[in-house]
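Have a look at these structures, which come just after this line.
Next come two complexes, and both contain chain A; in the first it sits with chain B, in the second with chain C.
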Partner chain A sequence: MRYFLKKIISLIITLLLVSFLAFLTFQLISGDPVTQMLGTEYTEEMAAHLRAQLGLDDPFPIRYFRWLGGFITGDFGTSYSYNVPVSSLLSDKLPVTGLLSAFSFVLLVSISIPLGIWLAAHEDSIPDKIFTALNQIAMSIPPFFLGIMMTLVFGLMLHLFVPGNYISYQENFGASLAYLLFPAIAIAIPKIAMTVKLFKSSLHAEYRRDYVRTALSRGSTRRRILYSHVLRNAIIPVVTFLALTIPEIVAGSIIIEQVFTVPGLGRLLVSSILNRDYPVVCAIVMLIAALVILMNFLADILYRIIDPRIRIDQEASK
Partner chain B sequence: MKRYHIYTKAGGILSAVMILLIVVAMFWTPYDATATNSAAKLSPPSLAHLLGTDNLGRDILSRVLEGAGTTLLIAVLTVAMGAVLGILIGAFTGYYGGPLDNILMRICDTITAFPSFLLALAIVSILGSGTYHVVLALGLLFIPSFARIVRGEYARAATQAYVDNAKLMGAGALRIMFVHILPNTKSVLLSAIAIGFNNAVLAEASMSYLGIGVQPPDPSLGRMLSESQTYLLSAPWYAISAGVVIILLILGFTLLGEGLAKESGQNA
Partner chain C sequence: MLEIKGLKLTFQGSSGFEVIHNMNLAIEEGEIVGIVGESGSGKTTAALSVAGLLDRRKVQAEGSILLDGMELLSCSETEYQKIRGRSISMVFQEPLSSLDPLMKIGHQVEEALKLHTNLNRKQRRQAAIGALRSVELSDPELIYEKYPHELSGGMCQRVMLAAAIVTHPRLLIADEPTTALDVSVQAQILSLIRRLSQEYRMSVLFISHDLGVIRMLCDRVAVMRDGYVVEQGRTQDIFEHPAHAYTRTLVAKIQKRNDFLETDRDPVLKLEKVNAFYRNGRNRRQALYDVSFEIRRGEILGLVGESGCGKSTTAKVITGILPDYTGTVERYGVRPQMVFQDPLSSLNPSKNISWLLEEPLRIAGVSKLSRRESVRNILGRVGLSEEHLRRRPAELSGGQRQRVAIAAALIQRPALIVADEPVSALDVTIQTQILDLMLELKRELGLSYLFISHDLGVIYRICDRVMIMREGRIIEQGSVLEIYQHPKESYTKRLASLAGEIQ
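Let's turn to the complex of A and B:
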């Protein structure tokens, strides 16, 4: 229990640290938002009035805590370029990116785990050799280039989907999911290649352990050893790895959304960066940062839950 | 004679060929990469234009090679920045240890956990885009991963006999760190550098693709890809050329990095 408490405290400290850094960069270094909001023609009184209205004259710690308090309660400030609350901009886009990332993650898990097991059971077979060679190339393909090629082949040549014609999930959930299939695959393929590679080497290392030799000498079949012993141990690093890929998938979807013109967080982020709309950029970066930190936390916890040996080792070493 | 891993050989040859082509392109390209030719817009690959031409009739081979040059320049500068500062931080924290070591490594862990491309976007959003801002953003982000690797090596070396011997012979801490220990971290460092190159190429291409990285008139593979999307069906060779060059660059560095890591006995 003490372990979890310690982890939770360190989680909160990290979150605070990151929020402070984000505040520092976006609120202070980014310059005076007033001149940006007012454009080129404004009077000093107008600027002073707006500054007071936005609370920019208050001392620094007060501004930080007000900003943080707003953040926790879902008030991310006002967008400079759209002049609406950032939260209302995000609430439109967040589900789209969430859906795409979740879809991609489901593909990643449901393909890489069975594939890894199958390839490990058929080591050095022809499919295994072909896969090993392809794997290295798949890991080197930038997801956005994969997306462009998929647009060309499946969209423009085979007409399986209409590029740029995203259907909102509120309008038709099935059609929306169908449009997101190709972007999700584009994000998932390089990750699948990495996961299978890790899983295979983990399985391989586990097969060389002494207990496998013992089990074999007692007449167990390789298949039985795989399912009842090896798999449980070999999957542990893979689960941790998968938890840590979630932020990468979200980051990947930012680029892929641009390729497939999916109106999600990514497109909002890119246009906000180009327009220097800092409240929006800051909110998106903070959201993803929180996701990263939470996933790291989760990976640590998962690691201990699925592998009691680690728990015992750590408690013994105290 | 040292035997190299097959990955090291393949990656080394591929990277060497790419670098050679890029260096040649700095002095000579088949066509002027910026010269437009309205008579030969979007023409498919031919003997005159090996990779075809783009929407303004510019020779794609020349443009791709120049774009790869920008990418490589950014990769070299960012990796150099990350490696030099990372080695300095890693060497001091690893050799001396202590509370500062703990704090710095915690910070490094937090930074490396983030998708580096996203943090680079955040930094560039404040600095503004452009080649050198991309270098600065990516270089900063590469420091922690180098620092962590180097720190581990130094922490291990600090307890070894050859370091004790050097101390007994009166060598100063700086001399021990950079003359005695540093050469021993070579194999680990080399693979980290190769992987850093690969990350830099990918991050730069992604950022430029989004329009937030390298700005015109500097040539860029990522921006070529985003331009080529408009002509995807009428001129697929445009997108394919730019994309394949990125893949070849990344593949070469990844293979090199993995091969070197395997040779030094890491489980990468």
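Let's turn to the complex of A and C:
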């Protein structure tokens, strides 16, 4: 219990640090939101007036704490360029990116875990060799390139989907998923390659451990050894890896949305950076930071459930 | 009950070679038979073939292994799965890593029941707790719920035994089950195996490199070397009248000796009421309490105790590595040198032997020519030749490396060498060679040693006096014969109970 309390406090401190850095960064980079908002024809007076209205004249600490205060109470500020509350912008776009990321993660887990087990059991078979050869390539392909290729092959040549014709999930959930399948695959493939590689080598390492010999000496079948001993031990490093890929998948989604013209956070983020729309950018950065931290926390808890040794270590270090 | 006849094992592959040659061995019901030999002698391979645990694709077996009249070599893998864990059980060397770290002890003990019987969950639990009780673990209900990392090595080995006997097997194969354990725990596990064997009329095939252990436990013994059984017979006969030359060298290692040193010589080292401390952040932990002893010229003083009892700390205080102590350390102008357990990790791997041996002299500012001269002189002393000089540590065998380590210690002409488990990582024959070398150096150069070891056979063989250490205190010291024949402290008695069998 005390461990969790400590952990939560450190989570909050990390988030505060991120918020400070995010806010500071956008004060340092060049570009003035006011000139962006006013366009080409404006007077100095108009600019000064707007600046005062937005509170940009105040010293940095005051602006920071005002923003932070708003953030804590759920007020993310108002977008400079759209002139609507940031929260309403996000609540529009966030579910799309969330859906794409979740879909991609589900694909990642449901393909790589069974595939890893199967390939480890059929070491040096032909599928294993083919996979090993393809693996290196798959790991090094950037998802956006994969996305472009998929648009070309599955969209324009095979007509399996219409590029750019995203259907909102509120309208037709099934059709929405069908469209998102392709970007989700594009994001998942390099991650699947990495996960399978890690999982396979972890399984191999566990198979060589002494306790496997013990289980054999008790008359266990290979199958029983896999499911009651090896799998649990081998999955521990994979759990950490998977937890760390979640933020990467979200980041990947943001990029791939451009390729498949999916109206998610990605397009909002890019246009907001170009327009120096700081409230929007900071809110998105904070969201992703919170996600990273939360996922690490979840991985930690999962660990504790899987591995009894870690439970003890914590108690000992109290 | 078990009968191995004309067993031949051949490793398949491009260079197929035979690892076991025409092996014959029989075990009666309730009998404990030992196989003794060094690593690479084939003793473990032979045992694994009885349990059918060798990879059939890689190892081809000829001959016959009969268990109660059933031919094991012709069993399919599925048939073998029904034999393993029910008729034949095994325990291994490393108890902690032989248990699944993520599974509760109870479930691991029950596993064989789950595989081989129709008992329901409750009955299995009861049987597992019964097995845990019969291996003399107190509070078996509590142990049942624990995980391996929560238990000590000795307890884990008891758990392994419980899991092995839970199905009342006909044969228990124990592969070096006490090698990784502390001396005092070793004796307990051995007497436990004997008791279980009698209680369940269970035969035991006991594999070990340690003759002392074999002698204490086994009814009969087979001596293996290079895949051959060179000699077998009743344990007592083998020890009293070894026929084969190899057996004689093994037995000589643990035989009586009477060349103990007279005790009225000058001391080369004297410790008085030494208390030593380790600092860890703000904590200062005491590691030695009132340690007092002296080492005389030409004497080998043994230091015995379990891991963590302060043996190595004592060595550190003597050599001046650990400065945080109170009390007096009188070195009489002597600069003690150290020899460590693992020469490979204590020699810089990127330098050749000549460089390593010259290093202490280089630091002392000795000229290049006389450095070469000293190195050449020392080589012959430790049984190395000039061709070894250009090699790196990794290109030498374990025994040669330990010779280099001894040479590096000798090159400064010390009067005292502190040897911290110098032969524990070596094979039996190599051990003997290194110990002979140390004795020879003692006789010829009048060297003194502080000899740290957990192996009582080794201590008995070379030491004049011995100290027993426990929890940072020296609880008993005296001549080797005194300690081994008339131990005073109960702890020493337990240690000596093992050694008593050796004599």
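FYI, the second predicted complex is superposed on the first by the 273 of 318 C-alpha atoms of A that agree within 3 Å, B and C clash if a C-alpha of one lies under 4 Å from a C-alpha of the other, contacts with A are read in each partner's own complex, and residues count from 1 in each chain.
Here, contacts are C-beta pairs under 8 Å (C-beta built on N, C-alpha and C of every residue); 3 or more make two chains touch, one makes a residue touch a chain.
In this text the structure is predicted, and so the values were computed from the model without any measurement.
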Partner chain(s) touched by A:213 [first = chain B, second = chain C, both, neither]: second
First (chain B), second (chain C), both or neither touched by A:46: neither
Contacts of A:307 with chain B and chain C, given as first, second, both or neither: second
Superposed model, chain A: greater residue contact from chain B or chain C: B
Touching partner for A:251 - first (chain B), second (chain C), both, neither: first
First, second, both or neither for A:106, with chain B first and chain C second: neither
Which of chain B and chain C A:288 touches, first, second, both or neither: first
Which superposed partner A:148 touches (first chain B, second chain C, both, neither): first
Intersection of the chain A residues that touch chain B with those that touch chain C: none
Residues on chain C engaged by chain A in the complex (per definition of touch): 51, 53, 80-86, 88-90, 92, 94, 97-103, 111-112, 115-116, 147, 149-150, 160, 163
Complex contacts: residues of chain B adjacent to chain A: 110, 113-115, 117-118, 121-122, 124-126, 198, 202, 205-206, 209-212, 225-226, 228-229, 232-233, 236, 239-240, 243, 246-247, 250-251, 254-255, 267
Of chain A, residues touching chain B in the complex: 14, 17-18, 25-26, 29-30, 136-137, 139-142, 144-145, 148-149, 151-152, 156-157, 201, 244, 247-248, 250-252, 254-255, 258-259, 269-270, 272-274, 276, 278, 281, 285, 288-289, 292-293, 296
Of chain A, residues touching chain C in the complex: 209-211, 213-221, 224, 228-229, 232-233, 306-309, 312
